[in-house]
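Notes follow once the structure below has been shown.
Labels A, B, C and D are assigned to the chains in the order they are written; within every chain, residues are numbered from 1.
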């Protein structure tokens, strides 16, 4: 392997901050020791702050985010329950697939890739079919870089007096963009450790509303590993029903401390600023986003259409081989047609400029007619303005004062 | 916290070797990158060597060992299937509980704690009831320090021409004591990362026979996270159906390298030697093991009855508070009556002597009448002899020559 | 290399606590950055607390402790200056050698190995020879495990109205046993990072009195790397005249935090307790210390005479090869006649019991007639009593309450 | 501290590769253990390859590079010896200062900052003054980004039949650009761990020719810490006269492995390519280098004149505060007039583009009229061409094939 640092711009797993890596590198300890709850109990509380979940619970599973999808379903729904879903990308598609395989009666709205949750159609379905027990929404579709309006989904449900449970996949949004479990009436909020929480994969996080907790006590499929009840029995004392991934818990402690030290509003503002710079850069290169319009823009990942005569997979391959840069490939039906720049987690302006510079090179080498430097310049211009505005307007501490 | 190293003698998670810790401390990388299979494909192959599973498969789940229990059941059995199980400790008990909750028709043989799988009764059940679809056996009951004879279970099944699937929990045995998935006809062999593999928890390992694989294609419960089929679709190319816990995979690489460098037969011999020394020490203190006789002795954990007037929980508390030593507490029906010394993973003679020395102090402080030093002396005497015999008899390289 | 943890019982470098190792593992940073003094300035202040040096300075050199020996001499003495020294072990011997090679006129008192600084003879020399410009004393001779009475040296100097500078080698004493630079009138106090400060080697620490600082401005040999003046010019602002070993500075921060959290008096009491237990153990084995009597006992290292027919080097070799234990070998004129147990730094009772257990095995294998377990038992008995007394008498928080 | 990675572009200490950081993070070990030479002896051999020193020796001092300057002088020269030096930047200046303070009779040629060693004047001095005992040359002046022609210095010496010793400061050149100790007749080659060797500071490296070794046996100043003789006595067996910085030795092992795996010619080519891209970028911004012409260009650091109305210190401050980027400040007489971009060590094309992008922003914010993106574009254009040429011309493996 040639020398030189690697550059990771996939939409997860994201770069793990050094402080988090250090925290994970501890000698092993007894997860049943009397001092273990000193570590775990504050984690549960602090994750509720991340989710803006005041009255519910948070469960931590040793699993990928997919596990929390399954936990949400199997604890609160029965086989045959009718649920409303939509798909418009690889990950919303996979959730539909899971729901189907687990035996739900899925009403699935297919949406053009590039758009997100179809709120109006959801409302119509809810109006037409009062048997819908749950509504599923993917907050941020990682495959297409599309964000959806969860508050609007809730409003549509309320408008139809639906008492369905609201399931939200926030895997690539939570901890990076504004998320309000309580405010938006989200009953089951799914995320994972390897995105905005800046940890390796291995821990899934499930925010559960009181309503969903209550539902789990009287319904749900056969389950054991992901059972809420086993968690409830042990979590209150700070323990787990089975051996937890201790290093990830230590890393989570530090990741949360970093996020709170920066301040969640500032974290969200930073993600928006970085994303907007990347979008300006992409536009300056004459390229278009997969997201069909600004109302769908994701602040955590940008999926970029490559020119017609260019192979998106080749862009990724060149980035990886020649420029030591990992971009996200196009998945499923946009394979080869897009490449993706993840801009979430432990990143700043200069890191994103490196992403654009590397993308320009990779595109050019793959045959795209892009003006080298043009994307970087557009992003730089935006970042200068945005940082100046931020400093003047909000009197927020500057980077140098906020330590 | 006062200075001074902690001493971890629980039966898992075990001490993580420094080389493994270093390997896990890597910058994050893309689990879909072209070079990722260079890491993963050899792991699958090498884990088959650990399991002595020549013709089947190994699956790696981001989960605790409990997850692999569930994966084994849900992929190969249907609700209502009759299965034969036995319980004689906290962990065999939990597996019975899971099987019941997942809807199996469990024929459960209750065994006195201190003994293990009741082979003769198993054979009788198999003779009486040809509808038994699966036989479950806990190879090493971690709560009582009891090992069972899996080969004998297989012989009993063969004697009755049973074509039931054989499920074995090897969580606290595999990679520490001899295990032969193929040789013993084990169809589903469950283990976790945090025991003999010397990693943190977070990765469960499931060895699957060809027969079990075949079964999974035509039967099994609704499942998704733990579905074999999703793994099969992606594993062959070196990928996973969802984001794997990358640091654990790097750590697993080094842990396997360490085990192979020592040599599995030598690893097993070391565990036996260390365990026997601990047992000699316990006997010299006038204490008895929970294991009801030598045929049940576990080489990875010793559960020790405390004297009647002594509280086993107090032994653990004193060990933890005063001597910075973590022992395993008694669980469930032996809570307060035993304490446990884990002696598996990254340990050697001197480490085990420290365990005994610390146990002596903790016992004495808790009110037990033990002769300080007596346990250590007995273990020392055994270790000297065993090491001398090992060096003379087998002409194996000594520690200093085997680097 | 076979699996199993190594056991390090040399009198330095000592075991590095995990928290210190983590702190050293940081990305590189600019040692001229505006925020660098936030790290360095408190280090200078806190090291003065370690030395009990209120009015002087502390210099940090990127070097081994030997470098600080040289810095002390070359900054404050001229070639030809008459100095009073003594030697009674490998390290006091090397300091005499250095002083001679650097051109000092050394009056050297040779003392039987096993005893320390000969205060009465020092006083006689001072009385006889008013031209003595400096008095050198090795606080803790690491080769023989002998501690000397620095306060008594100061009293002897004061009794003779000597205005010589007092040089003290505290490499293996400072931060482990009581040291009072100001109280004892020590002008130049030398230590290193790799002993009581629980860091790797690479940083030497020199405490300098006002008087010595003043001397350095008008005298001293040609020097550059170790020049006080260059340090003075840059240290006040938090910088160094050349690139410092940044990871060691981060590690030092945490090591100091650990020491202060435990409390220096408690750190010293712990070292005394651990040492006394080891001494009881040695005595119970029928062996004798190199230190000629209790007044010379070192609380950081015990040098043990092996029986006449036993080779001390063989004890060390067996410990290393067979029991993965590093003991200190006998050096120079006691080579082969002693082996040494370092008991300083990040250790506790159980760790020291492991040291004794391993020493017993190594001695026995090397042909010594020792009763296995006897040393451990004696130390255990003492530790139980000492901990009980500590808890009852001083109402100090117990280990479990002092977190 | 806000989230987001820091960007380090100072000319040392340089970014430490993750593999090196991992290697340094080991438990402490005995530096007198029998297996220690397995680590150290190959290091001495491999460092000779780095220096292209076939017949001499390499010494490793626990010190900064300044220590090796002093070691070189004090071991081979006597006070009063006449030596020929030149100064044209902060570091060559400091070496002159040291030589003077150590008592050498320095003939110093002052050169305009921006140029390097004045070979013609050197030759004239050598012709005029046969008493010159040593010639000093700074291979790469880190303060001005100026490289000098050491081979030409040697030719000048040979032309005058000088048998003076040739001292070369290669601190910021060795292991990054071509260096030939034997080929250029360098008698004392100085470097440090924290530049091209990609380690933290704390280890200085001194390559010594046979001639210099021989000189050290019959001459030299009083010395002890840096004495060659003490090293010679212990190094051959793999040990050191005092405790070495063990983690740095482990890190050095891996750093050397990384350099050899890439191949030294490829390492040098990479540094040239990266540097040339940075220079193209600087030129495209309308800025000029401190180096007075291409013959003086350094491939490891570029010192850039800021526009007259811009404060170079402000550029650095803004870079650090706002863009989390560390640039090198102007030192001494170019303070405020230049800022420096270090481009040595663990870097690649994308990293250097990030440096340029960040420099553009910092310059613009500091008031410089630079076209954002212009520097990045020029460097990108060059990198594309250079990488293409490299791939086609030399048939060297591409990045993706050279793992």
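As a convention for this text, a residue touches a chain if its C-beta (ideal position, glycine included) is under 8 Å from a C-beta of that chain, and two chains touch if they have at least 3 such contacts.
Treat the numbers as computed from the prediction; the structure is a model and nothing was measured.
When chain centres are set by their Cα atoms, the one at the greatest distance from chain C is A.
Ranking B-C and A-C by contacting C-beta pairs places B-C first. Chain B has its Cα centroid 35 Å from the Cα centroid of chain A.
A separation of 44 Å divides the Cα centre of chain B from that of chain C. Per-chain Cα centroids separate chain A from chain C by 53 Å. Shown for chain A are the residues in touch with two or more other chains, namely 15, 25, 27, 317, 320, 400, 403. Interface residues of chain D, counted against chain C in their complex, comprise 6, 8, 10, 12-16, 21, 24-25, 27-34, 61-67, 69-70, 79, 97-98, 101-103, 192, 194, 200-202, 221-227, 241-248, 317, 320, 326, 329.
Contacts from chain C toward chain A in the complex involve residues 18, 22-23, 25-27, 34-35, 403. Those residues of chain C whose C-beta lies close enough to touch chain B in the complex are 1-5, 7, 15, 17, 25, 198, 258-259, 261-262, 266-267, 270, 317, 320-325, 345-351, 353-354, 357-358, 360-361, 364-365, 371-374, 376-378, 380-381, 383-384, 387, 398-400, 402-403.
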